[in-house]
Every structure is written in C-alpha cells, then in structure tokens.
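Both of the next two complexes hold chain A, though its partner changes from chain B to chain C.
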Partner chain A sequence: MTGIQEKTASVNNLEECLKCTVCTVYCPVTAVNPGYPGPKQAGPDGERYRLKNSAYYDESLRKCLNCKRCEVACPSGVRPADIIQAARIRYSKHSPSLRDRLLASTDFVGGIATVMAPIVNGMLSLRPVKVLMDKTIGVDAHRQFPAYSGEKFTTWWHREAEKGQSAFSKHISYFHGCYVQYNFPRLGRDLVKIMNAVGYGVHLLSGERCCGVAKIANGLIGDACRDAQRNMEAVRRSVFKENRTVVATSSTCVLTMRDEYSELLGVDNSDVRSNINLATRFLHTLVDSGEIKIAFRKDYLKNVAYHTPCHMARLGWGVHSVELLKMIPGLNLNVLQQECCGMSGTYGFKKENYKYSQAIGQTLFDNISAANPDVVATDCETCKWQIEMSTPYKVLNPVSIIAEALDVDETRKLNGLC
Partner chain B sequence: MDYFAEKKYYDVIIIGGGITGAGTARDCAMRGLKTLLVERFDFTAGATGRNHGLLHSGARYAVTDKESASECITENMILRRIARHCVEDTGGLFVTLQDDDLGYQAKFVESCRASGINAEVIDPAEARRLEPAVNPGIIGAVRVPDGAVDPFRLTISNVVDAVRNGADVLTFHEVQSLIIVGGKVVGVRMLDKRGKREVEAYSSLVINAAGIWGYLVAKKAGITINMFPAKGALLIFGHRINNMVINRCRKPADADILVPGDTISLIGTTSSRVPYEDIDNMRVTRDEVDVLLREGSLIAPVLANTRIIRAYAGVRPLVAADNDPSGRSISRGIVCLDHASRDGLDGFITITGGKLMTYRLMAEKAVDMACAKLGRNAVCRTAETMLPGSDDMPGYNVKKDCCGGLLPDQQSAVRAATGRHGSLSRHIVCDKESDRAVVCECEQVSVGEIRYAMDQLHADRLVSLRRRTRLGMGTCQGELCACRAAGVMAALGKDPVSTLADLKSFIAERWKGMEAVAWGDTLAEAQLMEWLYVGMCGLDRVPGLSYSKKQ
Partner chain C sequence: MKYDTIIIGGSEAAFASGLILADAGQKVAVISHGQTFLHCSAASLGLLGYDKDGNPVHNPVEAMAALPDSHPYSKIGVGRVCELAQDVKDLFVRSGIPMHGSYERNHYRMSPIGVFKPAWLSMDTSPVAASPDDVKTWGKVLILGIEGFLDFFAKFIASGLGAIGVNTEIRNISLPELSALRSGSTEKMRATNIARVIVSEKNIEDVALRINIAVESSHADTVVMPAVFGLSDPLFGVRLQSKLKCRLMFVPTMPVSVPGLCAKGRFESRFRQIGGTLFYGDTVSGGEFVDGSLKSVRTLNMAETALYADNFILATGNFINHGLVASPSGVSEPLFGLDIMPFAESGFTGSDFFSRQPYMKCGVATDSDFRVALNGNMINNFYAAGSILGGCDTLKEESGAGVEYISAIAVAKKILEKKGGLK
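So, the complex of A and B:
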C-alpha cells in the first residue's frame, strides 16, 4: 500500500509531540502562575484525555494567553495554543460574562464610545468608576482604558483622503481594525501618508468587521464566525474584483485573519490568505525588491527600542519591521529580547489575570528601562497599552515612526510621482 | 517477620497471577477457603496484560463457536455491573467492506440472536455518523454491545478483593515443583526470586491457572495437556481515533478488530503457532506489523496516517483440538481438568482455555470443582458482588472524596485517577503539594497515586507501577516519567541500587515495544529517549540487565 505511514495527519500536529517540554519552558503563564498546567499538559497531553471523554476538559485552559510562544518554541511543529483554543471552543461550559462581552465587542463598544469620546474617556479614567467596574464586572481597577478618539478613522478618510486615492496607479485595501477606527486614527493616517508617498492609493474594505480575536478569546464563537465570514467576503471582493491586496497595521489582526479563521473557526481563507499582509512586511518586501524607494529626513534623531509582539513572532515577521526602522539614518535601534508583555488583548483587563499579566510583563518592562529609549516601537496595540501603563515610555507602531521620519517630497520623487 | 518462618497450610494454592488466577483466588476466598495465590513475576505479566482489552459481546464467535458466544454475552453483562470502573460502554460495530461478502451479515445476525446477543442491522450512513473513523466505503453495518475492558484494573481489583476476603498473595515466587505425597499433590515448592531461596507451602488442593505456562506447570507433575500456544500481535496508536469498537463482519481473521482502550486505540490481532521455548519472549515481526497496518487501515483509513507508539504480542492458552496451523478454528471454550480422574493425580486441577471475557466463569467452574473435592458446600457469589473500585459508586463525589481533594487546577489528574481506580481512588492520599505533583504527564499519574499503588496494589517496581497506573504507557513511553518515578520509589523507601537496575530494565522493555514500529515520530521519540537516558544519564553504565539498543 503506497503512502501508508508516510506522514501523520493529526489535528494541529498533536501526535508529532515528542514531550520535550520546551513549549512549557517558553510559556509566560507557567512561569508566573503554578495553577496553569502549561502548554504541553493543557495541549497535546490533555487532548488525548479529551479525545477519550470530553469530561476531562479542564477550565484551567482559560488561563492560556494564546500568545503562541509555545508554537514558536516547538521544534516538531505541534500547535499547542491551537489545541488549547480549539478545546476551549469545543468543550468549555463557561459562558461569557457581561464583562467578557463588553471587552470582546471592541467594534460595538468602540462605535458608541467614539460618539461620546470626551465623556467616556473622562469617565473611564475616574478612580470611582474604575473601582466600580472592578467590584461589579471584574475589570481590574489598575487598568487604563485606551482613550477613544472623537472621530473615527473612516470619517477622516472619507473627508480628507478618499478623493485623491484613485489617482494612483497602484492600490491596496487597508484593514484598519477597531483600534485605528475608534482609538487611534493617527496610525491609519500615517499609513496613508507613507503609501501615497510611494505611489499606492489606500482604500477601505467594503464592510470591514472586527477581526474577532477578542471574541474568540472570550468565547463568543458564533459572533466571531460571523465577523470572519463577512471579513473574508470583503477581502475576496478586494482581491478578486478590485485587484487590491489587503494590508493591516496590527500584527494580531493579521494573525487572526490568516491563521485563526481556518484553524479555530473553520472559516476557509485558503484562497486569499496570502493576500492578507502586514504594512511593514508589505513595504519592506517592496523596498527589498526595488519596486519602491523610501527617503528619510536627516534630522530625525531618535533612540528606539523595538519590542516584537508574540503574534508577530508567531508570524515570523519581526524582521520586516526591524529592517524598515534600520533604514532611518538618524535612528538608533535596540531590538529587545522577545518577551511577552502579559497583556494579550483583553486578558490583562480581567481582574483575575491582572497580577499575572504584570508579572509576565516585568522582564520586558525591565529591559525597556535598561534600554531607556526615546520611544518604544511595536506592531501591536495591546502591547502598547501595557507598556505605556507599566513604564514611563511612549509607544508607537513602526508605521508611525516611519511616517514621522519620512521625507515625503524626496520619496515621491524617487518613486516617480512628480 | 519471615512469612515462611512457620509451615503454611492452605485449602487451595492457585498458580498464576493473570486474570484467571486472580478471579479464582477471589472466588475461593469469597467461599471461605483458605487461599494462596502464587505468581512467578507480577500480576498481569502474561497474556492478561497482552490482549485487546475488548469487552466481547460474543458476536465475534457467534457464527463459529456458539458456546463461547453465549458465555461472552452473559459475562459481558455481569462485568458491566460488577466491574464498571474497568469497563467502558463504547458499543461496537461489525462492518462489511466493499470487497467483503454482504451475505455473511445475515448469517452473522441470525447467529448472534441465537446466542442471545442483541445485534441490530443499521444503515452504513448511521454507522459513519456513530463512528466517523470507520471506512466511509462500508456497505453494511451491525451494532452490537461490545465495549472496552481494562485487564490490568480488572485483575488487580480481583486480587484486592481476594485479599480482603482473607487470601494470601505472593508475587515473584516461581513454582519449581509440586510436592506430591502418595499420588496426591499436597503443596508447591517455590523459588523466592527476590530472597533467592526455596520456600514451600502446603494445601489440600492446587489449581493450575497459569495460562499457556500451565502446560509447563502440569509437566512438572508429569502430566501433558495438549495446548496450542497461539501468538497474537497488536499495535497501539498514540491517541484515540475511534470511540466505538470496530470489527470486520467476516469469519475471524487477522487485524479485524479496532478497540478504543483508555487514551489509545488498538488494532489486532494476528494468530500464529509459536514453540514453547519462545513464549517468554514474544517479539512482533515486520510481517505482523505490515499485516496489522494494511488490514487495519481498511476498517479505519486514518490508521494509515496515525502514529503507532508500540507493538506487542501475547500468547493465547488454547487447548488443541486438531492440527489447525493458526489456531483460529480452535474453540475459545473453557477447559477445566480434574487430574484425579484424568491422570490419576489427586489434589490437582487445571483451569485453562477460555478468555479474558470469561475469566469469572472459568473461576466459578474451577472453584465448583475444588469445593466438590474438598467437600465444601459454598455457593459462588462473584457474579453478584461488586468488585472493589466499582462498589459504592452512587453518590461518590469525585472532587470531595478522591485524592483528598486535589487543587481545582489539577482536576484532570483527579479525573484520570478516578477513571483508573474507581471508588478505590479515595485511598489515594494527596494531602501535601508534593503528593499532587504529576509524575507521568501523558497519563496524569501523581506522586500520591504511585504511593497508593506501592502500598496497596503490590507494585514494587516500575513495570508493576505501569500496570497499576498506566505510568509510562502514554505517547512518550516513559521518556519523561520513568526516571521521575524511579526517584519517587527510592524516596518512598526502595533501595536506590536495585531501583536503578529496575529503571534500566523498564526502559529496555519500553524500547522493545517501540523497535518494531521505529519510524517517524516514534523513532524520533526513541532517539530523544536514548539521548536522555544513555547520553545524559549514562544508564548504559548501570550494571544489570543488558538491553538491546534500537537499530
């Protein structure tokens, strides 16, 4: 019989596990919380029991951050984080609380909060409100909520940018995500500035939804599936009808759409997966192949520490952000040892996780203090919240730093735009 | 105190610590006989620990061996009740593949019904829904009350009950000869393998329940039992791929049963006659692996791409009827021999043939004969009395009663221990955090469970610990847990020097089972194991049993 035993075919490579335990060594949660059995036990070991009987599912799996460092560490290609998340989706009897629903619904809450941004921001920073949320719904009082913007990114785009975009010969669609849309439209504006300077028009996806990462983490799987399907329809329209590749500025949104949709939600994305890209990787690949050129201001002098988000490490794309930043002549770059910041999206907001969240991030905070940069660069918004809350340093997406340092006129010239 | 300081007298001495011997000891003890159970190695070290773990409905024998079929279904129903902590009610399917004769199905169903087995013809689509691992191309399916039974747990539970009822048990005591006075067996002379000395025990009656080794025991008394040592090989897959037993609906042949057993799945078996010289050292051959894999992947195609963690083989104690070269057509029926009437040797009974499924009935028949010979008038109660572990299950609170309440985050270890020991798990003491440490991660065995097995389940070496707890039976085959468990045993009072030799022989035994299937991930696992134990720990320099290094 040909092909027999030539390959194994278990879900998430469960049975390639050689029990070497290196995943558990790299797990940031195991290091600080002895109550979590670690990715090996919670993942491939536990899965054997769950396959026998679902009663062996253990709610301690909810302590997993889904940072995916275990998957990066595994020398055998096992995906412990996916095994754990899939088990939570299949077996958990824990229903999402009001808090979980509020935290997970970044799009719904963001939509309301943006309308009343000054009031919401003021309220959320008031000590009594924080204590109230801590006591009632379990959002830790130490947490600072990211400020909501008074204007959505898309509102700005329609007003300021839309008109000029068709004039370009090349185009992308921008998946802005909830953070750029409701909290930090500046990052989206920075991307438009860079892309336009190198000759690309930036368009919105028609019908973009939240990528769903927070909904997956909080057990709102039905909602996450609906969002995933809508997003894939939007991406397909962009790729196949409009011939525009899709670019995002958040490493987590990209990882979710590329990997979690098919692995965890069962939403097929195989036809468009390679067309979902991260802005720094997209730009660096174009620079590397000589298709575009970028010129930087000579007077931009800064010490920057780059933190690789865990999901960026899982994508294996940290190199693209680093290489782009290195191109800025006056920038002194310090690439930090990859550590988890402990935030992991909504995880760190929860009262029961706050202590562990801060303990996990401590090494990173210490390393940043030792580097003492002018600014920290990272591709993930929740890493940004965590670092800004836990250290005195300001954090920017590499895209924003590139936009700051960009010599727009020179760049346009180099790309034949004037 | 030396057990043999004074002469020991029993009503019955039973030779053989497999399921038949353990069941016979329980039955004897429950009927008030003063009983000694003797085993040359460890409980379940022979064929009892090397089979499918299939709770037969009897359907497999319905067409060819009606008597065995009826015995199986009766005992099946009894075991579901008295040994529920050893049994998993998976249900079973008999499937007809495209190239098989669908005509056999009607005969099969009719024969099942004649034997009292509830066989229900179902739509192949329904079978695929019930068991997604089954070959999607099946053209027929019958549902039967098959299940899975753990032979290790079943045996030790019988031993525990025998001891509770007053029986003595001796492991690592090998019978050297029967003591015969005036044409009557009056006792046994044994080699105490640990004390390295000869000891004797006396009895009115000796029951030979040594399986295929019973041939050799009888031979010591000059008696020949015409037995047929039939080797059966099986493969263990790394995790469960099916949750129902899948059988092939045809005349019994090679590799036509796939059983979900605890955390793994098992395909088997083959059947071939082996010489008596080989019965202590079964090795699975390349041809056997090939046939198991090729035939097995016909009933469940996913087997072709699933990691095999181990191959093993047992020897069936068939009693020869004719010269059938494979032994497939020999009855699995029970043979109970009174050597007084058969061979003129009084005080000696052999109970053999049969199968794991019918061990209780075998014991009943042997003890009925023993009671008749001893002039005792006691009724068998083994079919009604729950085995330890299966008793007082209703209202049994896992969280509260088991392991002294493990931490909530270690619930999976609690559940695993309860799954293994049933209500006996309340004896596992895990008061201290160190007791709750997990030793075997694949099978979730804690320090507390190891201590319980050492103190109460006659486990004093790693291989016994494996049989009592599943330690080292998981994906890594002892790679991570063997050295930890050896350390725990030494910390609990075992001599460190002999523990080291024990570790070496345990690892050698694990490698023996991996050797026949050493490719892909299992080869990588074996290599990692070698680096750890030989490269890092220098286990090859430990004196003791020499082991064959994998190729």
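So, the complex of A and C:
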C-alpha cells in the first residue's frame, strides 16, 4: 500500500475534484440550457459512475460546447471538458445526421462551394433556402452562412506569392485551414504580407487537411483520426525535411492539433507539438526576443476591442495577440472580459442550439456594444461569424489588423531586406 | 517577456499584491492555474478571531502580542500589521466594494450554518452584530429561503439564533423568474445562476414585493436570506434594502459564493484596467535561478517563452490550493522545490477531524521579509505571500483573510521600497 496516494491520478485528474463548482460558474451552456447538467456533473461526477458501468452515460453530454472554460477555471487541475469529450467518443450511440456530416465536412463542402461561390452565396442567403434547410436538415434559418470566396487561398498563393518565397532566408509553412482556404483568403494574404516584410518566406503546408475540430464535435471520429494522421505527416515533413515550423491563424485549429489530437484522438504529436504555432504568438515571440522588428503606419488610428476566443484562453496565448496590437501606436485597445460567443464552430448552426447560442453570446454582445469599437479583433473565425451576425460590428483577426497598420517599406528596412 | 513583478498563484494574496504593485505603476503579471478561492468567500474577513486556547478575541491588536515568533503577523510586526490592515480596507473600497469594521475591535458574523464568529471586515448587508448578545437587537428574524434552492440551511440558522434567544420563523418565497432554472437538474438552482437571472430593476421590485408580503404577515424585524443576488453589483443588497420594510441580511452560500465572485470580478477588472496581465489556467513548470536570484519562470502554456521579472511573489496557497503538497516522504513546494519551514509540531494530523490539525502550520521557509530559500540559500528577489507562509493555524485562529491580504501588501510594499521598485 506504500505510496498509494501518489498512484491515484487518472489522465484528466478526475480524482482531484473538490466539488467546488467553480467550473459550473464558468460554463456558458449551464447558464442558459436547463437540459445540460454542467461540467462538474457531466465531467468528474458522472465519470466515476461511467467507470463502473457505461449505462450511466447519457446523451445530454452532447450539449457540451467543448469551449474548455471549465478547464481554465478549475483550481484543482481537473479537465472536465476532456472527460466529457472522451466519454462522448467512447460511449455515445448517437450517429451523426446528414446535417452533422455536411457541417463537419468543412473541406469537402468548401471545395465544392468555392467553385460555385456566387451561386452558393446567393442561394444560402435566400429566405426560402434557409427555411428549407431549417425544415429538412435542421440548420437554423436565422443563421447567416459565411460567404464562400470565389478563389481559394492556395490558388492565389500559387499565382501571386509562390515565386518570391524562396528568396527569403527564413521560412515557415502556413496551415491556412478551411476558413482561409474557402471563405476568407484575405487573412492568408495578410499573413504573407507581414511575414515577407519581416524576412520570412511563407509556404503551403503540403498535404494539409482540415484540422478536424468539427468532425470531433459531430462524432465523426474515424474521419477526424484520418485527418489528424495526415496532418501530422504533413507537419513532420515540414519540420524535419524542410526545416520549417508550422504557423496557423486560427486559435481553434492550433488547439485541436496541439492538444486534441493526442488527448482525444490518441494520435501522437509529441515530436512536433512545439512546432505547431499560432501566427500572433510566433510574431510576438520574435519581436520580444529582438529577432524581428515591426514598424507601423503613423496614420492608422482605430479603436479596437479584443475578444479572447475560448480556445485561445485555453491555449493561454491571448497575451501575444494583445501585446502585438498594443504595439500599433494609433490603436486604442480595449481588452474585453473573456466570455463565450456561443457559436462554437458548428454548434450554433444547429436548429436545436440556435437560441442557446445567442443567449450564451449576449454578455459578449453587450460588452462589445458598450465598448463601441471601430473594429473587434479576435483569433477565431467562428467567433467572427457570430459577432458579425449578432452585432453591427466588423471583426478582424489581429493578423489582418497588423497587416493593415503595417509600414511595409520601413519594416523591410528594419529587418535588413533592402 | 519581461515584467517588473510576476505573481505566481491565484489566491487573494495574488490579487492584493498585484493591485498594489500595478497601482504604483509596475508592469505586473499573475499566473494562476485556475480561478481563485475568492469563490468560497464568506463575505467577511477575519484578522484574528480566536486566541491559542480557542477563546474569542475582542481586540485583535492586543491579542497579536501573544502570537509566537513564527506567526506571519509577528514577522511583519504588530504596528505594521495595523497600518497594512487599513490598506486592505482601502483596497476593497477602491475596487468598489464597501467594507465595514475595524482592526481594533472584532464584530461577529453569522456563518451559513448559524454560528457566530469574530470578524474584522464585512461587506454590506452581511449578517453581523457587535457581539453575540447584540444579535437580540435583530428582533424577530424571518429566515427566508427561495423555493427550489437547496444550498441554504434555514433550520441550522434557526437553531443557531434560537440558542442565543432570538425568535425566528422559516418561510420560502417562490420567484416565478426562476421557473426555467427549477425545471433543470439540481445544478441549475445554484446561487450564481439565480444571480444571473435576477438583475433588472423590475426583478428587484418583484423580489422586494414578495419579501415585504412575507415580512408583513410574519411580523418580522429582520429578514435573513441566502446571498444569491448581485453577481456584478456589490450594491444590489443596499438597493433591495431601500425597498424593504425591515432589515435585510444576506448569508453567503456554498458552493460558490456570490459576494466572493462579485469581489473577484471587481479585483480582476480593476487589475486589467491598471495594466495587469492575467495568465489564467496556466501552471509554472520551472524557474531559472542565477546568482541567488530568480531570473525567469516557464509555464506549460507559454512553453518555450520564458517570463522574466525583477521580482517574483509565490502566492499559491496551502495544501488545498496545491501550494504545498504532502506525500509519504514529506511536505514539499511542488513548483520550485523551495525549502520548507522546519516542522515543530508533534504529529502531522489531529486526533479527530474537527480538532486542531498540526499540518495547518506547514509553510515555506522565509526570512523576516518573506523571501524564500532554495537548498538553504535565500533567493533575494523571490517572496512568499498568503497562506503558503504557514506558521499559523488560520482555520482555528480565524485569521486566514488577514494573513492572506496583509502579508501580500507587506511583500508588495517591500518590493516597491527596493531601489527602482517605485516607477
């Protein structure tokens, strides 16, 4: 029996739970949805029963957003969200519907939609189409779909950027993700603009797949594992063969590849985890260590409210985006209290979740209205959709704001490029 | 990244020292592995409630003279403790939380189970009296629960009040605004969820109306209710009181105290406003010590990025907060392996759960300025604050809050007094 106290901790630390209920206070779903028991009951409390008998699993766990605010709040190191997600993967008998498959297949659907962007965008904004989708597959009619771009990011990169990239002495591989590829290539172009100005060549991560976050959320675990394995092969090629670290612009893609792959999908990433980085963290770390310098236009004057996405809070990297934005001399920054926007990827698209999604986001919407900024900055695309749909404010990734404010010539000079 | 001072831990001591330093113009970061134990606040702070024999203390200043040299108050010095006690009150007031009480004379607060304990500072609308005998001035007490809310122990409160000769009556009011919460699982009817629903002026009017009806028919002079209102408004109780025909008192509930959460929100937003950085949900994974100084720390989330500072404060709390860890091989400080104060007690645990527990006095070894040591060498820019200091049984002394806040401000001021500390 010697040392038994030291041998009782499970991977997600469920034994450390003191029942203090702090996690439940920070759960955005518990506050608005009476059918969800909350992270304490669904997580460590329920897990003790499920370990005895899987019949104790109940499908109310599917109401968890996986925002991970419970994990950031827990004073005892318990990971309720991971306990809940792992239980869903292990015990859920629910099979994904056609709608869930469509929403989760961001890369497949995006690939088709981009080819026919003007038609698809037009169709998706038509009231009859929205009502039809609402009634047939359960995509809420209130929801605005993010517009598809007529040109994929990679098409632009091959045409406009590729040729110049090898001229740089330092290089990164860019994990653009589905959103930049199909919906908002501008964010990728903004990153290329900044990286090139500070002396880095930007390359595509060859063989990149969707990070898989939507597949995990919708129970398509086999597909998510395949994507994860292909992505890790791509990252390993980039890191070990091409000597390029991998940088992404979405906080959720980064969290999924760094943490969810190993913790939920069992896909080992330990050899390359530290080489999966977020653009603002990569840039700020270089600025902080003096390796690069960034000059900003003096005439860029803006009031910006920064919203920390929940997954950014879990990564713990909000400070990097904030510190970079603070460097812009004409920018007045208001860092908002961390709240959940309620969108959580595909969750907010579903008819059964729509009203909860909006109720969760209300505090954030109110705080943004009170701050009344020129633009809201946030590192997550689904937060952007939710805020732009629910408030009159425009939302940009901090990378795009930095690109807008960048003095390219001066920055190139400071980094010895001309 | 470089800061003037980095505070490790999410205790009240972390916020208190962080606010003092940031107010003085320092660039401060707080690294906390989770939310603070302010979530368990009793809405009252204790400075020194009981002496070593367990007798209630009337004048904390006088009683401090009898404390052993190892006690944090003795290390700070009684005179200095009194000065800093005033700073603690100011800290709350500056954050928008009025506090009532004096360090020279304890008052009494009623606990959630109807026990009266000596207290130093109490928030507005707290169930307080100058002495246990003074509770009789409350007159007839209506103990008013809220239908469906289970974390309020009306019968314990009635028995506690009855024992000192106070006439009580227990009733419930039903608030229709809470019907959606009542329909969910038991986790729904929690204090913080109720506080999120009851916020508008109309809600206050409605609650006041229902309380007044109950008070009128019970002929009560004082109403005691669970503290389930005012999540972001410390003056909610005062506003509700102004609409009532009797005296109103809120008893903080567990788990998660609404007044505590409200105070935490105020401290946190003020800390951000004055330029402080919060690393929530992160854990320190090690430190770089050079020539008797701590140069930088690393964290799990920041990974390769080291966090540098001129000074560091360790405010990670005691065993319950994982600031100290006990294992069969001994007590240790888990983040840096700092030296532990020699353990002078006989036995580690007390004979029964409610008796004095010797392990409560465990803490890290420090000098008189609360600087910590590693392998016998004092670290000249690394301080400890709050319950990790040990040397006292805060539970039995009812001194937890006092030690927490006063040691934190003492350390913050030491840092500011150092050359170049004050910006």
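Here is the rule we go by: the second predicted complex is superposed on the first by the 409 of 418 C-alpha atoms of A that agree within 3 Å, B and C clash if a C-alpha of one lies under 4 Å from a C-alpha of the other, contacts with A are read in each partner's own complex, and residues count from 1 in each chain.
Basically, contacts are C-beta pairs under 8 Å (C-beta built on N, C-alpha and C of every residue); 3 or more make two chains touch, one makes a residue touch a chain.
These figures come from a predicted structure and were not determined experimentally.
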item: Contacts of A:D299 with chain B and chain C, given as first, second, both or neither; value: neither
item: Which superposed partner A:V319 touches (first chain B, second chain C, both, neither); value: second
item: Touching partner for A:C20 - first (chain B), second (chain C), both, neither; value: both
item: Partner chain in contact with A:S274 - chain B first, chain C second, else both or neither; value: second
item: Which superposed partner A:D288 touches (first chain B, second chain C, both, neither); value: second
item: Partner chain in contact with A:Q337 - chain B first, chain C second, else both or neither; value: second
item: Which of chain B and chain C A:A31 touches, first, second, both or neither; value: second
item: Partner chain(s) touched by A:K40 [first = chain B, second = chain C, both, neither]; value: both
item: Contacts of A:Y49 with chain B and chain C, given as first, second, both or neither; value: first
item: Shared chain A contacts, counted only where both chain B and chain C touch the same residue; value: 3, 5-6, 18-21, 35-37, 40-41, 76
item: Touching residues (chain side chain B, partner chain A) in the complex; value: 238-240, 243, 260, 262-264, 293-294, 297, 302, 304-308, 407-412, 415-416, 438, 441-442, 444, 474-476, 479-480, 519-521, 524-525, 528
item: Partner chain A, residues of chain C touching it in the complex; value: 1, 10, 33-37, 39-40, 180-181, 183-185, 187-188, 190, 192-193, 196, 255-256, 261, 269, 272, 277, 279-283, 299-305, 320-322, 327-328
item: Interface residues, chain A side, partner chain C - complex; value: 2-3, 5-6, 18-22, 24-26, 30-31, 33-38, 40-41, 71-77, 274, 281, 285, 288, 313-317, 319, 323, 335, 337-338
item: In the complex, chain A residues that touch chain B; value: 1, 3-10, 14-21, 35-37, 40-41, 44-49, 51-52, 55-56, 58, 60, 76
